[in-house]
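Presented sequentially are two complexes of chain A, the first with chain B as partner and the second with chain C.
Then we have the complex of A and B:
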């Protein structure tokens, strides 16, 4: 099974992240980027499939030259190859559409049975790129996969929906977006890190195509008012019910 | 991971390693530290897990399972390991990785390395180093443990105290006198295995801090140690130990910086939550300046650890810079601990916050791995300031014509 995992590096959410003065980007006081959480699970899932069934895992990322670090992290976990699409031009020009089109173009040159994405990125949270890539390649896609099984040459995937799950059967090639929590990503070992260090990451420079989506302004959520203490213990119940009725939360 | 932007001492692989170790500490060590502090030692499984992640042989040869990496990689590892909420556990791990087993790589024979290194690197066997005795610590040449050659064995007699990992360890690197009449030129390093007849270990249970570490006393009574367990050359043990101390002092300094950084981060969080006189603690300028001053000193200490690591990686004599580093980091870390405890007020004195434990733990480092006074002696010597023999009172003082 040949799997390509598309991943993105995002600002470490443990850092203090602020909105840049131009109001269009997030900036961090530190310099640390991490692998997007959903993508980490996608890498883990791909490596598990490779370990069980053989095959190859290739990691593909679009980003600045420093994104090789995130690609190497995936290789340290157990992926085999890495390819970086080095993004030229303004950060603003790289919206979901232009990113998906660059990734789709690169995927045309790669051999694969499955393409994995994390459900969405932890920074932009557009939740578009995976599906737009599937669309561009004319491939079936399942969004929000929480489990993948292999039965009689078919791929059986489950996605969580409200009150239950949907089960799909598909044949490769296909695109899946995977959700955080479907597995527990392994720690890369130091041995893996040292192997990844020696691995050459193929880099292709890409320019943005037209991006119909423009980000105008990032805003912080309004400050939340402090809570209200209605009382203590059982005595607070009537007042609490009254408030819940007022808010239309109970009838 | 950084609090503010600064040139990076680390490369890509170091940053990946740092994130891995940080996660490992948060997920697999910190949830259990209270239990391990209570028990007074860390379960052996922790060493095996570290072995699986490849963290016990960072600079060791790849043929035995090591990573063949540099000192910078060790610094990256230790900075993050130091975020463990039990500094005693950190010390136990570092004694294994950087204070004892490197002697086998530096001075051991191929046969010895083949025999012991794979199990040391995988964490199946745990190491300790035994130098200090009841009557000799800083004055290492004054040790009294002897090893007398008898056929195929050395017969070891004597005792060692304050030995970290004493209960857990399987392999003890023990400094002995093989030719007592030759002073420090008659000392050797023996690898003594747990279970050797005449070798006993007793726990030294009551310490100010470092409760997660198993400290013990070793006694040797006519203990036969096979001659093939001599590490390095006979009678060269003192020099071997001295050269190993540079790495021991550097890694302990890096650990101190990591501990102190965590103390500052905790204090920042506390200062932003705690209110008094209707304002947050952090809204008082005195609090902000205090923390800024501590962070500045700590950054200077950290940069000294980087300079020392670089000096070692470049193969230069690191004695002076490492000694400065050890003395300075211990001073700064103790100051940080004291000031951050003060910032917590009464809560700082209670076990509820980590700062109480950190304050106790960190104090060791002005003593362990070379007391601050010894560091200053080494530095002074490197500055050309050597003590001269005391003159007899009757002898007239002659004018010196300079050096």
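Then we have the complex of A and C:
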């Protein structure tokens, strides 16, 4: 089974979230880039399938030259090959339309049975690139997959919906977008890290197209106002119960 | 027209679609355009009373036995065909699994822009100003879409669903030009989640735990506290990553968002990535050992102390009060 995993590096906002003065991006100084959470699960899933059934895992990423590091992380986990679509121009010029069309174009030149995406990116959160690529390539796609099984040459997937899970059956080649939580991504082995370091990452330069979605500005959502410390330890419980009683939450 | 995609699940219109209808109605009034509801599937007439109740002026029904089970490409074809024939200015859907998927496919097929997960929208000088939740909701983005139709999905719970009766609903039927290839991908089965108690989304009381809970075992007391309120247990990303709780209980940036009446944050520091998932709770009670924890600046009521002492004592008091 040949699988291409499309992944994105995103700014690690665990430490700090600060909007740049131009209002168009977050301040990245001093912060790391990490593999998008959903994509990390997609890489893990692809490697597990390779380990179970044989085949090859290729990772494809669009981003600045620094994104080769994220591709190397996936190779260190166990992916075989990496291809970077080096994004020309300002990073903010790359919206979902440009990204999807560059990825679809690159995928036309690759051999695959399955293409995996993470459900959505942790930054732009557009939730449309995987679907747009599937549409551009005319491939069947299931969005939000949390479980993949192989049965008699068919792929049976479960996807998360509000009420539970929907089951679909499809045949390769196909596109699946996968969700965080479906597996626990492994840490790269030392050997994997060494291998990834030496790996040649092919690079193709790509240019953005016009995006219909225009960003005016980023801003922080209004925060909750702070409240009242009722006290320390068990001693504060009577006061809490009183407050909850006033709110009609306890008798 | 303002076209609103209406999603049906288990024979009823979902709340996210009623929210979309409500916001669509406001947009229709502001712009002078008609509010049109689009239903795709089989046996659709049973939903017409609900559309009247929520003020739709026209209903477009794309009905076919072949659409009785959800088919992503089949429904996308029906949606795209309707958009092509009717030329709406705006197309709205709730940002549910189905709504996100269908509008994503439609945007690709029509080569139009799509603003997903909108939390606010307003009409200014004839153009739509939108606010999207980005970075998993910890940042808002003010955005604009070029071209028509403008495709939007609306974040569930971001807009209220308010009825306003319109008993002169016009009904129009459209054919879906379905081919075999459009129906190759059809949902085989819907496996509904079986829960012990109430779901995290619907729970009026949520008891959430973070790093401070310390273990899978530690969550037992949180479960007990939740059950006293008929509520549900949630967890932070750290608690999930440690394997203390299942992934579907994650609250926050990469998890679910809840808006209960009462939210207990136990051993949770209150990082923005978590707070985005619970900030709409009516009352937040924080229990944390660290008086400097940011959660105390965001919670309505704070108790500085070890949750392993405070939670069991609270359980005892609640039991006593219940008698």
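Observations
In this section, the second predicted complex is superposed on the first by the 224 of 251 C-alpha atoms of A that agree within 3 Å, B and C clash if a C-alpha of one lies under 4 Å from a C-alpha of the other, contacts with A are read in each partner's own complex, and residues count from 1 in each chain.
Everything below uses one rule, namely that a residue touches a chain if its C-beta (ideal position, glycine included) is under 8 Å from a C-beta of that chain, and two chains touch if they have at least 3 such contacts.
Keep in mind that what you see is a predicted model, and the values were worked out from it rather than measured.
When both complexes are overlaid on chain A, the residue A:72 reaches chain B alone and has no touch with chain C.
In the superposition on chain A, A:32 makes contact with chain B only, not with chain C.
Touch criterion not met for A:20: it reaches neither chain B nor chain C. Between chain B and chain C, more residues of chain A are touched by C. In the superposition on chain A, contact of A:52 is made with neither chain B nor chain C. After overlaying the two complexes on the shared chain, residue contacts for A:207 are found with neither chain B nor chain C.
When both complexes are overlaid on chain A, the residue A:110 reaches neither chain B nor chain C.
Against chain C, the residues of chain A that register as touching in their complex are 13-14, 17, 19, 26, 37-38, 96-97, 100, 122-128, 131-132, 135-136, 140-144, 158-170, 180-182, 184, 211-221, 223-224, 226-234, 236-238, 240-241, 243-244, 247, 249-251. By the touch criterion given at the top, residues 12, 15, 29-32, 34, 68-69, 72-73, 76, 187-194, 196-197 of chain A touch chain B in their complex.
Partner chain A is touched in their complex by these residues of chain C: 9-10, 14, 70, 72-73, 96-98, 100-101, 104-105, 107-109, 112-117, 129, 132-147, 184-193, 201, 205, 229, 240, 243, 247-248, 250, 253-254, 261-262, 271-273, 275-276, 279, 282-285, 291, 296-306, 309-310, 313-314, 317-318, 321-322.
Note for the complex: chain B touches chain A at residues 1-5, 8, 12-13, 15-17, 19-20, 23-24, 52-55, 58, 67-69, 73.
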